[in-house]
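Each of the two complexes below includes subunit A, the first together with subunit B, the second together with subunit C.
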Partner chain A sequence: MDKYFSVFKISLAHEFAYKLNFLIWRFRNIIQILVFFFLWSSVDSTYFGYSQSEIFAYAFLLIIIRSIVMSTKANDVSGYVSSGELSNYLVKPINFFKYLLSKDLAVKMLNIAFSFFEVTILYLILKPNLFIQTNPIQLILFIISLIFAVFIFFSIIILSSSAPFWVPEIGWGVQFLVISIFVEFLSGAFFPLDVFPKPIYEFLKLTPFPYLVFIPIKTYLGNMSTFETTKNLLLGGLWTIILWLLMNKVWKKGLKVYEAFGR
Partner chain B sequence: MKHLDVRFYLKIWKLMAKNSILSLLNKKESVIIFLIGKFVRYIFYFGFLYFLVTKTNGISGYTAIQTLFFTATYTLVDTIGQFLFRSVYTFRQLIVTGDFDLVLLKPINPLFRSIAGGPDPMDLVTIPPIIAVVVYIDLLLNPSMLHTTFYILLIINAIIISMSIHVFVVSLGIITLSVDHLIMIFRDFSTMGRLPIDIYKSPLKEFLTFIVPVGLMFSVPSKALMGIISPLGVILSIIFGITLFVLSLKFWQFAIKKYTSASS
Partner chain C sequence: MDKVIIVDHLSKNFTVNEGGTGIKTTIKSLFTKQNKKIVRALKEISFTIQKGELVGFIGPNGAGKTTTMKVLSGLLYPTSGFVSVLDFDPFGKFREFLKQISLVMGQKNQLWWDLPVINSFEFNRVIYDVKEKDYKRNLDNLVSLLGVSSLLNTQVRKLSLGQRMKMELIASLIYKPKVLFLDEPTIGLDLVAQQALRDFIYEYNKKEEATILLTSHNMSDLVDLARRVIVVGEGEIVYDGAFDELTTKFAGEKIIKITLSEEVNQKKLEEVGVVKKYNYPYCYISVPRSTVAFAAAEVLQKFPVVDLNIEEVAVEDIVRKVFKGELKS
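So, the complex of A and B:
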């Protein structure tokens, strides 16, 4: 475990070495939240089943959940594969996924710390009427849904980063399509998915994307029936297992065809 | 007098655009995926906004169609800006490696090469459908000829403002060596113009109107088409655009003298 703890410590130091990059990334998150906040301030959210305090809680939770789920270093993997840099990691006596998860833990910790700071500042500036969940069971379910979300996101990133094993040129294209488009729009990070008509909303819930942001927030808000909450948690758990197994299988197949281009 | 010859620069621009297209054709698979991504993004965003505003009957006093028009105008101006001034994203590399020396040696205006030296051919594919969407929503709003003329003038003004901001960014890039972050900050603020600027509260609204002129670029043209802006407002917006452009050129002239040719 010592070597992974060292990776964690080095990653933390690395983030402090590139302070401006980190601050810009945080700043970009805040802009997105401000757009979300002001958009929903100017419409009647009750049309979609949210009280104003719930929709503002949604906006603030987005800052924290994005920090927990979407701050990662695994999005560099695509570049490692297409440039051949992956070889540097394969020859080391480490488990590559554990290595990435150790780096992610450092990045997530730093982002979470900053997100709480930002939430406090934004709360003091905007003074919104926020919904605070006090039911401990709901909070435990929320934490479980977040754990699922972290592993689902990690699996999706590694799966999309595996494309260059077969076609090295398409790495950035696949990442853009999967992470910047599908994950951003279909996870609920951009808007609550129940804005969509019911058939589209129900269909989206069959995909893994809503379990990244939307379902954790809905679980926190507790505005679903017990049956619905349980069903969503089970589906989230199921997607976590399916994607984790799929990721391992695709990665192993990818390694068999890996040719270390450029090395 | 080549520095003032529009035809000469048009020819240079076409050559650079051709080079960009040829280099992109080497990455066909990526280009196809990227284009699919761009179209899917537009569909998702417009889809979300459509369901939101039709159910709530618009936002901040604007009807559903008007709100969609604001977003379509944002998409048009933003995409044209990215298409024309794409080379700003690679400018930092020129400065930190000292390769900017090679630009200075050529008999063309270095500012032209720095901001317009590599149009993004992918936007050539996305711009026509965006224009079609703008025209379609515009027809639903049934504007007068005068308001349409104001709209077109203000779109041109928005592109001039966008160009001025890009000139400021590359100028600051010469002094601070940081272009990537500055342009991303501008792009992030720009995204706030997707929706009518009226949704933001003071002092953010004023900041987005006068400091980072997102409101002038994206909201004012749409408002002019809807007849909400007076002719005086249109004239003042254009004066602002021209003033910003002149100031940006002055700043460029100041910044270029600070170039140290480091690393070359």
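So, the complex of A and C:
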């Protein structure tokens, strides 16, 4: 464990070296939230079954959840694979995924700290009517759903990063498709997914994407039946396991065809 | 466990897409299946290396040296054949295995780009479970040897290429690996540092009984370090044996070195053999090994010779041939 704590420490130091980069990344997040916020405050938001205070809570939660779930160094992995930089990590006596997750812990902590700061600022500027969840059980379930989300996102990114094992030139394209289209759009990061017609909404919930953003937020808001909440939690857990196993399998296959380019 | 490295009928194939250049071919390649070609990078090579041996691994570019090293360090999955290093299957990437080996490549970058170098070393100390005391001693030793003690607190990005190479080496050696794969370790280093590094490798090999496989295109690296060489060409082993015997095995000629008392027309000298160099009064004539005695007698008879010596072809010339890919077994 000592090893991975060391990874955590050095990653934290490394992140601080990229101050400007980090601030710009945070700025991008805030802009996305503002777009969401103004879009929804201009329509009659009760229309889709959300009260205004709930939709504001949704927007603010987005900031924090994005920091927890979507800030990850796994994004760099497809580049490592196609450039051969991965070799540096493979010859070290560490588990690559644990290494990445330790790094992520540092990155996520920084992002979370910043997102709380931003939420406070935005709250003071916009002075919205916010819904605060006080039920401890709901909060615990919310945290569990977040942990699932972290691992689902990580697995999805590593899975899409494995494509360059077979097609080295593809790296960036797959990443863009996966993150922008599927993840951003279908996870609920742009709008609550229950604005979709019911059959589509129900279908989407069978895919792993809503468990990244939408389901955790729903769990926080707590406006679902106990049955619905339990079902979501179970499905989220199931996807976490399936994707984790799949990721390991694909990665192992990838390593067998890995060509360690660059020399 | 005398045999540290065992390679038996190892083959490695790569598939490459044979794409052309230009927009037209690129677009076409999106819709049609590309021509896949199989490149046989290693063709059933076999060798073993004993504990404490220092072996030079030489051959022209693209002969399969680096590929072999990548297989031995567990990066590449062998297409067929058996490989064992320190009794481990390298591809298994066992922690105990990885802790004992080091792969040093000219272009590898394991340093944390935006942090002072010392952080990267400290990081490796933890990753490789090096005891604080050993770490300190190794670090001091390596740092003074390579003359970089004043740079330890410098950001990696601010180092020059040569300085970074030295730091990479320190990071790779700080945990005292038992098996070293050195792929062009002196690339980018100045002459002083090259010599320092050679001395270090020599000492390290002796003191720690480390097993070292070294590739280099730097003649001095080989002459100074390698007692045994494995020559590869086009994925096959062309020669495996003592460095000194490379000459007897591969030089079909010997060199007659003569000192003349008066200048002779080079044309006349050519009648005896190939004149390698003529710089009056010295002349070097290359003649086939089998007829060297006859040629020497002829030289003595025909020309005003003060001194005559029969020499082996310089090992450097053989190695040069190796790099050109001219050696065939």
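Structure notes:
One rule holds for everything that comes next: the second predicted complex is superposed on the first by the 263 of 263 C-alpha atoms of A that agree within 3 Å, B and C clash if a C-alpha of one lies under 4 Å from a C-alpha of the other, contacts with A are read in each partner's own complex, and residues count from 1 in each chain.
In this text, a contact is a pair of C-beta atoms (placed from the backbone, for glycine too) under 8 Å apart; a residue touches a chain by one contact, two chains touch by 3 or more.
Just so it is clear, the structure is predicted and the values come from calculations on it, not from any experiment.
Once the two complexes are laid over each other on the shared chain, residue contacts for A:S41 go to subunit B alone; subunit C is not touched. When the two structures are aligned on the shared chain, A:N75 is found in touch with neither subunit B nor subunit C.
For subunit A, the partner that touches more of its residues is B, with subunit B and subunit C as the two candidates.
In the superposed model, A:L255 makes contact with subunit C only, not with subunit B.
Once chain A of one complex is fitted onto chain A of the other, the partner contacts of A:S83 are absent, as it touches neither subunit B nor subunit C. By the touch criterion defined above, A:F27 reaches subunit B but does not reach subunit C. In the overlay built on the shared chain, the residue A:F185 is in contact with subunit B alone; subunit C does not reach it. Of the two partner chains placed around the shared chain by superposition, subunit B is the only one that A:V174 touches, whereas subunit C remains out of contact. Considering their complex, residues 20-21, 24, 27-28, 31-32, 34-35, 38-39, 41-44, 47-48, 167, 169-174, 176-177, 180-182, 185-186, 190-191, 195-197 of subunit A touch subunit B. Remark: subunit A residues 2-3, 6-7, 10, 13-14, 17-18, 85, 87-88, 90-94, 255-260, 262-263 touch subunit C in the complex.
On subunit C, the positions that touch subunit A within their shared complex are 14, 66, 70, 73-77, 93, 95-96, 98-99, 101-103, 105-110, 112, 114-115, 119, 123, 126-128, 183. For subunit B in complex with subunit A, the touching residues are 27, 29-34, 36-37, 40-41, 44-45, 47-48, 51-53, 55-56, 59-60, 178, 181, 184-185, 188-189, 191-192, 194-195, 198-201, 204.
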